[in-house]
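Down below are the structures I want you to see.
Shared between the two complexes below is chain A, which pairs with chain B and chain C, respectively.
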Partner chain A sequence: METFINPKSLFHLLLLPCLLLYSSIAYNSSPVEAAMHTNNWAVLVCTSRFWFNYRHMANTLSLYRTVKRLGIPDERIILMLADDMACNTRNKYPAQVFNNENHRLNLYGDNVEVDYRGYEVTVENFLRVLTGRHETAVPRSKRLLSDEGSHILLYMTGHGGDEFLKFQDSEELQSHDLADAVKQMKEKHRFKELLIMVDTCQAATLFNQLQSPGVLAIGSSMKGENSYSHHLDSDVGVSVVDRFTYYTLAFFERLNIYDNASLSSLFSSYNPSLLMSTTYYRKDLYKRRLEEVPVTNFFGSVMETIHTDAAYKALSRRNSGRFEDEMSLDQSVHHIKRRMLIKVNDGDEIHDINPEGEEGASKCPWSTFRNKFQKAENVDSLLNYGLVAMIPLLVISTWLVQ
Partner chain B sequence: MAETKEKSLSDEKPKPRVRPIVRLGIFLISHSFLVSVVCCTAGVLALFLLPVLAKNTYISENALMPGSASPMLSNQHVSDGNRLVKDLTNPNSKSSETGIESHKIIAQYMLDLGAEVSFHKFHPQMNQFHPLHFFSSPVSGKIQENYSCSSYGINTVGIIRAPRGDGKEAIVLVTPYNALKSGFGEALSLGIAYSVFSLLTQVTWLAKDIIWLVADSQYGEYAAVAAWLREYQSPKFSSLSTPNAEMCPDVNNLFELKGHSISGSKFSNSFRRAGTMAAALVLKVRDQNEQFEDTISIYAEASNGQMPNLDLINVVNYLAVHRQGLRVNVEKLWPLLNSSWLKSLGEIFESLAKVAKSLYPKWKFGIPATEYVEGTATLASSLYYQALGVPTGPHGAFRDYQVDAITLEISPKFSLDKVWRNDILLRGGRLIEGVIRSVNNLLEKFHQSFFLYLLTSPSKFVSVGVYMIAFALLIAPLPMVAASLYVDANSSSNYSKGDSSTPSAITDTDEHGIAIRSWRWLNSAKLVFIVHLWGAIVSLLPYFISQIPDCSPTTSFMIWVLLSILSLLTSNSVLASPLACAKATQEKEWALVKSVTISSVFIGLGLMSVINFATAEIGALLMVPMCLLARPLKLDVRAGTLRSFCRLICNLVLGHIAFPPAAFFLLKGMLDGFGNANVGDFWMWVESLWAWNSATYLFIGMVQLPCWVLCVSILFHTC
Partner chain C sequence: MVLLQRPHILLLLIDTHQFLQCWIAFGSANEEGQQQEEFSEELLVKPLPDHKLLAHFHFQSSAPPSTSNGCHHHLFPKAISQLVQKFRVKEMELSFTQGRWNYESWGGFDPISSSNAKPPGVELWAVFDVPQHHIDASWKNLTHTLSGLFCASINFLESTATYSTPEWSFPPASGNVRYGTFPCEAVCTENLTPWLRLLPCRDKAGIALLLDRPSLYRGFYHSQRLHLTSTESSSEGIDSGIILEQTLTVVLQPNSERAIEVHASEKHVQPSWSLSSIFGKQVSGRCVLAKSSSVYLLLDWGLVAELKFPNKENGKSAANGLTSENFWSNPSFELSVNPDRIFLEESSSHSKSLSILYMFQVEKYSESEPFDIGLMWKVPVAWLCQQTPLHASRFFMGSGNERGAIAISLKSTQFTEGFMSANSKDGSCELRVDVFQVVPWYVKVYFHSLRVFVDQQPRAVSDFIEKIHVSPSKDKMSPGVMEVVLKLPCRVNTAALTIEFDKGFLRIDEYPPDANQGFDIPSAIISFPNFHASMVFLEDDSLNRSPLLSKFQEKCPVMSYTEVLLVPLTTPDFSMPYNVSTIKCTVFALYFGSLLNVLQRRVAEEERFLKAKAAKKTGRLPLLLSKLSAKLRGSGINQD
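For the complex of A and B:
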């Protein structure tokens, strides 16, 4: 008996890791391939110091306000400001920052959370934020805690040149550094899609070294061109906004979270004669068609909805590339607004979702398994499941033989 | 000569490889005559081309942003300023003999605005010649014994603290004011400063403190500002000096009165300070004016040709022209404006530029002839005032502490109606406000733009990189000619010896003879050194002469000349016999003397160009032709050709012009006319030079005068 039992148990022991391995392959392979857009992050950087660079801070704060308005919560915005214009002694309006000479909108009002300020804004810290390699003491609020389902907006403004961007008055970020950081992010599954928006002189040159897939880049000017400020506030005594950012903001001011404007409509909204420079966007690394990507995919927190009939229901995935609704991920700020939104869109959603709802109606886990099985879109997983199914057969057959 | 020597050498030995740079040097030295003619002509031509090569000024420092903020000075502030002007010109305030009343009025006005006010009393320090600390900074803490209570000045100082600033930096506004006999212009300048001051107490954008100094100009504007700056920068810690002034009853009276009338206010008896000075503006309003429009003159030259950063001038110029519609002037040498030869030169340049443009359309360097003449006049005055080394206004005191400062003199088209007065108060005030706001934006010291430049108009400048070329071309032939003369003298005496001696004797004695001859230049060097030593003695003499009481400038000058000649003769007889050519064998002695003289001049000019470029440039214009042409008159007379006759004439003329007093009188005559020239003027001029510690004085005494003496000694060489 012992001689029989031993090989058997040995066999079982051998079988177990194999099973685990298979299962792990089966589960892992699908999320990487088909990670869904689940959250939005924004990294907004103003890299220049000094009072006469007021406009760069105003640029960044305006964009901060816009993305916040369009639904990215504060804890998912990393705001880096290299200098404090609001409290600069030369500021005629203490603790206020304006991006327009009409002074209607104070960008530095309540609820501005600056994560990196003053001399904290360095190339090193910027790269640490992107790659997530922080020292242990750095609080969570200063980290970019994105994952493979994140859409990240990276906005940078300051003084740049051919393949570099000046940080503070002493350092510079080179296009190689940026490309390397993005590559590391990609390898560490820190983003699904990344939009880099740069408003500097010769901004296009900063994207030259980018290689990672899923990256879309737009810059305010081509190589050899300058990016100009939009207008001077003669009351404050400085230029308050740059042209590229000004027209970007003008585009977004017309939008709210429900709007369906696409990235291509944003990109085509720039008029070179108004900008006095040529905007450049690099989309060869980006898979989706720009006409089908809503701007709120990056500038807001609007993503595909996962419909559930009831609570704790298994996930069902939608194939359509369109978006109908947004999933509210933050509950703190826009809680009430979101709830209203969901109600409003409910009717719309129900009739739209019907055909798929019939299919995935049953609640038992097996049905999801079957569901995936039926889709058969993933051959690898099918094969894996098949192999796993064969194992019990093998076990039974060996047992029968004995 | 060098070439022939080279050839003879190469014939004997296998030809050694001579490096190209050495070959080039030998080539230049052997053609030194041609080279020196070409270089000197090019140098003078380059100097005249400078107005054409001048670039437009631009604001180099990003932080300044002049004119980006709209002026906030309103009619309210102007009427405040007007009130002060009225109070000051009111005959009641002038009743007091010491002018203390008007100081009180100004202090009261400042206090009403909420500024910190203090009086600074000072004893005017007469500028005196101190040979031991010539280049040292103004002496601090030095107490002069014989102060009298009657001679003191009172500066009124008001300080506004920047409400949110760190108090580390300050901007200074200076208005010279003579309480005893103030013109309307001075009162008006106070009015302008007050209107700006009253605005600045209200604004929120100040990052630097504002200091308003009302400098008591009864002992001169410069002295008052310099005294205040001395106190500000180097505080006295000795308790000896203060009681001196405190003992005077009048001053105590002033302070007591103040203390009583405004107790608990921001008035203080002690000296008040703010941070380091970022910039200083001296504001003046001229009394009489015959201009047709409101103009503003900028004076920038400080001691030893130091200039404030060009950005400061640019900011003022930009704001005055483009914001306030004022015409901006910089100093010009007016006689040059009407000179016809300059005009024709300008026309030549203009037509040349046209030809060049027709050949190649991208060449655009020509400027109209009238503009050229104006540019040259401005450039000449810029050179002249820098070369003089005497500050052109109270701003010079600031430059001694490395603070950028300029004097602005507003000359309004004069009429006495109230509308006009308000207008000039408004525009002047807005200009000052704009400049202060612009400087307020600065983050660091002025450093972006040029410090070494010459202006050819308020908006055009020649930078150091361009104007150095003219100077370099001018002095480039000096070392070559010196080398050529040295080689020449050595080799020619070599040949003459060779001819006289028998061929057999050469082999043995030649080595020794050459060794001795090659050191013969030491003899000439000794002579040159003695003459330079004499130059140093001559430049020290005025110190002793000035000790003689009751001496008119003319007699002082005469004494100086006599002593100089005497000392030259004694040093000559005691130390050497340079003028007498003792050994007839050394017939080329003068060539060696000339060679060493030229070398010393080259060194002197090179050193001076570092200290004060303009002095070196003008000195080079005078001395280089003289040095290069100098040749014993006897030789020329003996030769009797046309060429030697021309050289003789040139030598005589240059020998006269290059004599410092002669050059001075010539220049003065050209500028003011020869009618009122006086021998004592030169003494006065020299006195002003040493009083202002001008390096030009040293240059004249220790480079130019010895050089002239040596050249004259060469001219009268007896060989």
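For the complex of A and C:
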């Protein structure tokens, strides 16, 4: 027996540090390099119904216009409008929506593509869009087809309160729901970075439960504060824009697609005395420095350009086999297999940086075994540590009780 | 070896030769057949009696059968052909409408009103070329696809509770048809834009350039319709491929500032208008991809009768001299552009006078010289449009939140009087009326309670109803459908159908967000299959027909839609679940709290403990410390 056990344990002992070192390298390096920013998406939601909430639709449409102007195409914008204001019978200006009383800009121009509207704007559909769990019949234009290289802007406006946002005056989106959806998105590799921008009363409370890395959140007001509308249009008869969105737009109107204004300059542009509320940023989940992140990272579609001397070389060098562009048939098969493996291992991404010439097929079972083994080891040790830690506690307590 | 190889080469040669022959033959057949994709754009403008203006845009694209050129298209929208191929759609019609067609003053007996007057909201019907058990799946997928294509919530029609299967009363009568309406759907720019994207020139050139959104949606009625027919199966000899017909019908008020200036005595003069004044835009040339591009001005026969053209009496001779100036220089109105051609309607039995159609070719105009027709009225004219045989309206009866009745009333119009006098010599003349009514499941209709009133007298149902088909509603499963064929005497003044219902209850999550607004009951379709609205215009070249005019010639039965009804259902207090759970929790807390208190409490011990506590007022930490020290000293604290 002993002769049988000894070599195995020795093998374990030898293997373990190597594995740990290797996996830690892989783990640390891969998320950074794993996905390059490749595309931009925007989900713009107006959750309120009824005519007197005109301003919420105007808010959403203003943002829609801005992101379109800064380069996100219509097929990558999911626009949800809970009611029809443009052709509402109460609208004196049919097929037009304004966000300013000077009526200089018709937000509802000729090319608005509303993906969800009216009764379709529900919490269920919203969460379905985020998590991507649709019925098979749902057309592509109604899906958020983002991937691990996507930067997503999620803008929501409506009536909210402490840790909730009302949808259509009949149901609520809780902060837990939002956090869960974001977590699912992260697990499903549906985004690289996510900016959540919320213009409601007590908007900051909606972010309380967020945990996923790569998420940045801006709310228009702190807990206990209201978000106010900016001004009333006496022709339209209702308020046409909210303060937070108004000043956000004021910031963006000065920009074009080539500007390098950073997110921190956007955040510092909000003046609490003008807003009549305090904007709140949650940036503890976001790793990059806000001074270095241009706003077009989320509000536009500006990709990082990589200059290459020869075709394809630089990409593959940079991404260490993740974006293999020399797609010969067998390589692509390996690639797919590897990607599947990544999904199975739940983010534990393992790549062979040194192409030693191992076959992909033989690689797969080896690494899965290695992983399982490693996990089993971890669980065991954890259990052991736990048991050891329990003993003194038990001793002390029994001793005290007697 | 050589011998063996030779036949092979020979075969190869023969093969290639045959192939080449085939290829050449195929190519020439393709050229000869002239199976080309075609597109045409037309606009028809018609003054209406109530000082309004009807503009009817008609775009038609056709694609040859897909076998001839694969799945490549150069004019025909790819999205539509893919949709037809994927879901095997034989025929389909989708309409988005806002406003209600005013049958009384805008007419109900002409091709435009019977095929383009649509119920408010979305109406969709489709005929599928798939086996019976696949139809529902195809329908579901089709609704989703269309909702994505047209930015609308058509996908609400996917659930079985919203659509129905008309048996025989619906025009393309067959079992494969599905019909659904969604009356509360809003119609706006976002629906029009994708519809325009199906046109080869979009709204960038040609007649579609006129479609200025704010002026369109300012109108009293607008209905945007898409109709497609496909003959994909080559079982029949003639293959027409797919024909896509897109129409947009708007009723606008010409905003005539001049009319306001004109003093009160001339108030009855029709407002003068021009295309640029009603749409704010002009047509600068045609869409170059269109085969034909023309604008028509239609003067209704009622109007023509009032206008008293110089040689009205000898209409036939006027038809021969079409270019005679008599028709467009008239003492009562003036056209700003000379028409290229004038068509006269072929004499129809029902009318005393003939309609006149002025045609303008857009091809002649360009950017520098845009096309803009205008009509200026000089004298007041008043006329009436031809109406449906019976004017249909629908209303609710009864009060309260429990039950009620739906009534469909049919009233005779001026047309029936004329018709009756014309047919009176026959003695027994009958008027056939088809009624098709879909009722959502939450309005529980009792079909046995159907009653018929003719001339305000209750009559036996069997006397007047020739045929009836009823499929009762199932809760949350399918709507109730009623199809009735009525045979009424021609002399009838009024007829009414009434049917009673109970209002159902919905679960709290089935109510829409604005439940207090009420629930819609879709329009009923009243059709008169014995009457056909068609307008035949004398044309010299029948080869080069315009699609719009040939559409007018088709015999389509006269149809009208009734109003949408809004039924208020009892709505619960939507905060009730929260109240209930709050009260429940309070009760439980009180009950269990007190019960536990009673069961667990030991009064004597507590008193003793209090006493002890009063004796030595020591905190928790000192107690623990004392325990510890006692332990260390070796003597345990015994139970006191």
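Operating definition for what follows: the second predicted complex is superposed on the first by the 275 of 402 C-alpha atoms of A that agree within 3 Å, B and C clash if a C-alpha of one lies under 4 Å from a C-alpha of the other, contacts with A are read in each partner's own complex, and residues count from 1 in each chain.
In this text, a residue touches a chain if its C-beta (ideal position, glycine included) is under 8 Å from a C-beta of that chain, and two chains touch if they have at least 3 such contacts.
Everything numeric in this text was worked out from a predicted model, so none of it was measured.
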With the two structures laid over each other on chain A, which partner does A:258 touch: chain B (first), chain C (second), both, or neither? neither
Can you tell me whether chain B or chain C touches more residues on chain A? C
In the overlay, answer first, second, both or neither for which of chain B and chain C A:170 touches. second
Touch check for A:142: first (chain B), second (chain C), both, or neither? second
Quick one: classify A:111 as touching chain B (first), chain C (second), both or neither. second
Partner chain in contact with A:232 - chain B first, chain C second, else both or neither: first
So, does A:94 touch the first partner chain B, the second partner chain C, both, or neither? both
Of all the chain A residues, which ones make contact with chain B and with chain C? 50, 87-88, 93-94
Touch list for chain B against partner chain A, complex: 62-63, 65, 68-70, 162-166, 203-207, 437, 440-441, 443
Chain B partner contacts - residues on chain A that touch it in the complex: 50-52, 87-94, 232, 234-239
Contact footprint of chain C on chain A as seen in their complex: 49-50, 82-84, 86-88, 93-96, 108-120, 135, 137-142, 168-170, 399-400, 402
Given the complex, residues on chain C that touch chain A span 98, 140-141, 144-145, 147-149, 151-153, 155-156, 158, 184-190, 193-194, 203, 213-214, 216-218, 511-514, 574, 627-628, 631, 636
